[in-house]
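Chain nomenclature is as follows: A, B, C and D, assigned in order of appearance, with residue numbering initiated at 1 for each chain independently.
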Amino acid sequence: MKKEHRAELIDNKSMNSDSSLLVFRCPEIAEESRPGQFVNVSCSKFLKRPFGVNDTDSINGTFSIGVREVGEGSAEIRSLEPGALVDVLGPLGNYFPLENAKKLIMVGGGTGVYPLHFALKEARKANVQTIYICGFRCVSDSCLVDECEAFSDRFMITSDTGDVGIRGTVMDALYRLNENEYNDATVLSVGPEIMMKNVSQWAENIGLDCFVSLERRMACGIGMCLVCTCKIKTKNHDDLYENKRCCADGPIFNSREVVW
Amino acid sequence: MKKEHRAELIDNKSMNSDSSLLVFRCPEIAEESRPGQFVNVSCSKFLKRPFGVNDTDSINGTFSIGVREVGEGSAEIRSLEPGALVDVLGPLGNYFPLENAKKLIMVGGGTGVYPLHFALKEARKANVQTIYICGFRCVSDSCLVDECEAFSDRFMITSDTGDVGIRGTVMDALYRLNENEYNDATVLSVGPEIMMKNVSQWAENIGLDCFVSLERRMACGIGMCLVCTCKIKTKNHDDLYENKRCCADGPIFNSREVVW
Amino acid sequence: MSLRMSVGTLTFESPIILASGTCNFGRELSEYISFSRIGGICSKGLTLSPRLGNPGCRVAETPSGMLNSVGLQNPGIDYFLQNDLDFMSSLSTRVIVNVAGHDPDDYVRMTERLNDHSDQIDILELNLSCPNVKEGCMIIGSSPKEIFNLVALVRSITSIPLWVKLTPNVTSIADTALAAQEGGADAVVAINTLLGMAIDIRSARPILQNNTGGLSGPAIKPIALRMVNECSRVLSIPVVGCGGIMNYKDVLEFLIAGASLVEIGTATMVHPTTPECIINDLEKYTAENHIESLSDIVGTLKLWGV
Amino acid sequence: MSLRMSVGTLTFESPIILASGTCNFGRELSEYISFSRIGGICSKGLTLSPRLGNPGCRVAETPSGMLNSVGLQNPGIDYFLQNDLDFMSSLSTRVIVNVAGHDPDDYVRMTERLNDHSDQIDILELNLSCPNVKEGCMIIGSSPKEIFNLVALVRSITSIPLWVKLTPNVTSIADTALAAQEGGADAVVAINTLLGMAIDIRSARPILQNNTGGLSGPAIKPIALRMVNECSRVLSIPVVGCGGIMNYKDVLEFLIAGASLVEIGTATMVHPTTPECIINDLEKYTAENHIESLSDIVGTLKLWGV
């Protein structure tokens, strides 16, 4: 039987102006999580808060999430101190289909880089070649830069202000790739919806599969309540769609199926 | 202008099986509180929780309350750790009329001994002679015994089980007093309503004034919402009553006015 | 930039009104806050004769809210006029007198009394929604027809601006609000409390000795917001929003939903300085967001799909 | 000591039923809890044709509760009968099928379909209370007369036990409950969600793209308890309590108030193991308090002053 876990926060370090990396001890979640999955974290508010898994360490039985402060719940979770015990449900949702990927292009924006970091590490383990592109508003919003640079075969960073990396968006980085580089690649993208939409258009245009991670307001997180629906094209019917559950059928979808 | 205070918990020690003494730093409350008054303490629940002031230390700017664990709110407050900041409104309510007392007989039961402790200390300061009687279920429920024994001129303790002091109730102790001892005394009583009722009957029968501290469920604590009413006899009309506010007109009432 | 609001023929220093029954006649609160920027204060609900209110326990805490069963304890309108009205008038804020009757005749007789003090009374708030008394009030307030008749009757005998405080315990608040408007109300106040119950499992008794009570506080905010919006969509008179407001964001939600003013009840009981904090925060908000007048945001709700 | 309850002609392993729309068809939850001591499970609300439900954001968190505007997303009754009913029947708990129609004809046609599977269906729950669809449902459920007609109609064509799920968005739930009873219902379920709204102040938009949604969770518990008690006092058929139950104490409150069984909705969404935890706690409670049968406490509420 699956259960709700009580996880102990063992580390909490600030990563940039508005987000922190929280490491929790919870062997089951550490063991089972796969890149793209998320956990649902309790706070004093009524509903749990979903966060993508950033990393796991099955030896120490820990996993981590990157938490950006956007409202009261995330602020409260971000301010937890080591020793705090929190109820966590997870890992939840589906995951990136990494098995058959020959080459991976990962494109993250903002907090999207946290879940992508997990995918990057797993790709490294599996000796899959990776191009990692991350975009931020400015240098003080950037995070996980050194780690991701170290883990990827090619690394690019962009910022709206230009104070770090390429001035512009992740699209400006993507446009710099040549055919040799992107040929045969699978694209993974996590970040603001408009970014994922642009990335997937780019990928689809050149015939690449692109997997995106959708975000919806959630309640149960496990597929029972149907509040978190994403419009997904019905198989073989481009102009029909059905409402799939972000939490259980997603959060990872093939961009070709997504009705943006 | 009065305001809501943010008080820092600086000490919390367990007193008996189900209650603890909490010391808060808050110079205003320490300065202004008088015996019989209470404070309204915030917790994570919707409404504040009222507790009688047990003591003040105006030099250190602290006050203390005795908190018995009876439900979720009191359990949460009892488990606060030093350093915790809590919103506290107070001091609230009226206080024991100690000024003209020649001699005081104080009768406390259960957590009632906490607010009486404050009255006892003030009486000592004012060199008023005191008889202090406290009743508990058993020895493991007793608290403040040594302090109160030291501060009072005569001290008696009772327990239902008889494992400490006189076996029986505070009434059994009162019956032991002789006329010399109770003559001219004013009686103060804080504890379960049935105990206060019995004590005040005893006092009224022998012509003594008796002041009791009533407990009601409260909301605002400052006299605006009228949820905390006590039936109080209308002046000169023993068979008419009005609804007075426990929080603002009380909690201390002359027992002769109370409709039990 | 100011928080001043014009509603009907009156201006209010801010949209923040103290709701009836949660601040008595203002004396206690005046020790905690200054009334100079408060929009108005509603008296405790008054009746023709003094009332002791309901017996026994009158409050029960509930998740994000509370039940009360005070039952209109008040000194009666005559005592009020002699002993409390002067104090309320001295607060330099709008004075709103909340009255509750057993029957139309009660309302008429109280209105007549108030007419004699119309220089000190800015608004007469007809309480057609108290869930804690057996007769009148919510019974009248549940029937559009009775509301219309009562409001028209009172309207015909007074020139004091008339607010009608509505109960949420109805199938359609749009219907009761329309009835109040047709009867001649200058504004409706939505909402009073929702009828609820809390039970002590040890004794198998309702916690409130009145068995039921009125639910207030943040728990009811989503219902209140919906009802304010429903009212504001069908009415041409202003709506005064009320129900679960705890902070300035809640106030903004109500204004956006269509409230021209708001009443704050339970929040003041939980933290007496709430009204002042909210006003400070609203001033900061309007300044930071370059909002010339808060009235600009009243009713700006953009419904989806319309 | 067991938690078994007999209601009408049926026995239930415990009073704990999983409320419609909060557990889909049970598949997901079956990975978290065992159904052996669960009293029953209600299917997601079914309609004659498949429904996509409402577009856009469908959930908003509120103080001690949430609003949902799912709008009966479901695969349609035929798909359900072919693909989900077998699974539900395999759960070794009572199977309750919740149906929602545009109009009486819809309910009739769905009932006819269910009749063909009456061996697998323990109860037919008529949803006359979904606040998130434009037609049928809550419109019918707001009118005692329409309730009576509909229930009598369905009653005349099926022998499956019939529960009627009532909306709290009415002036008198006693009236709607009585109408259901007179129409031939075997029990009423009280309550569905309260209609509410949440607003995003930055965009001045309702958070829910359906503009309004149904409020559930502990915030509504005092209202639900009051309504269950009102129903149980006027009805001779059993009442199934629902609304804001989070723990075993809440269950006891509902049973004392007059509910013979309870439905747990939002709590399961917040903590999937809630139903099982509640059952464990109820077992402990009945053992410690020497309660032979939980049914002994149903309706034991001692009202004050009567």
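Here, a residue touches a chain if its C-beta (ideal position, glycine included) is under 8 Å from a C-beta of that chain, and two chains touch if they have at least 3 such contacts.
The shown structure was predicted, so the numbers you read here are calculated from the model rather than taken from an experiment.
Counting only chains that touch, the fewest steps needed to get from chain A to chain B is 3. Under the contact definition stated at the top, no chain borders both chain A and chain D.
Centroids built from CA atoms put chain C at 37 Å from chain B. Inter-chain centre distance (chain C to chain D, centres taken as mean C-alpha positions): 33 Å. Averaged C-alpha coordinates give centres for chain A and chain C that are 48 Å from one another.
Looking at chain B, one finds that none of its residues touch two or more other chains. Among the residues of chain C, those touching two or more other chains are numbered 60, 62-65, 217. Shown here, the protein chains touch in a chain-like sequence that does not close on itself. Contact annotation for chain pairs lists A-D, B-C, C-D, with touch applied as defined.
The residues of chain D lying in touch with chain A in their complex are 21-24, 27-29, 31-34, 44, 52-53, 57-66, 68, 70, 73, 217, 266, 268-273. On chain D, the positions that touch chain C within their shared complex are 56, 60, 62-65, 67, 142, 169-171, 194-199, 201, 203-206, 208-212, 215, 217-223, 225-226, 229, 244, 249, 252-253, 256-257, 297, 300-305. Of all residues in chain B, those touching chain C in their complex are 1-4, 45-48, 87, 89, 216-220, 222-229, 241-243, 248.
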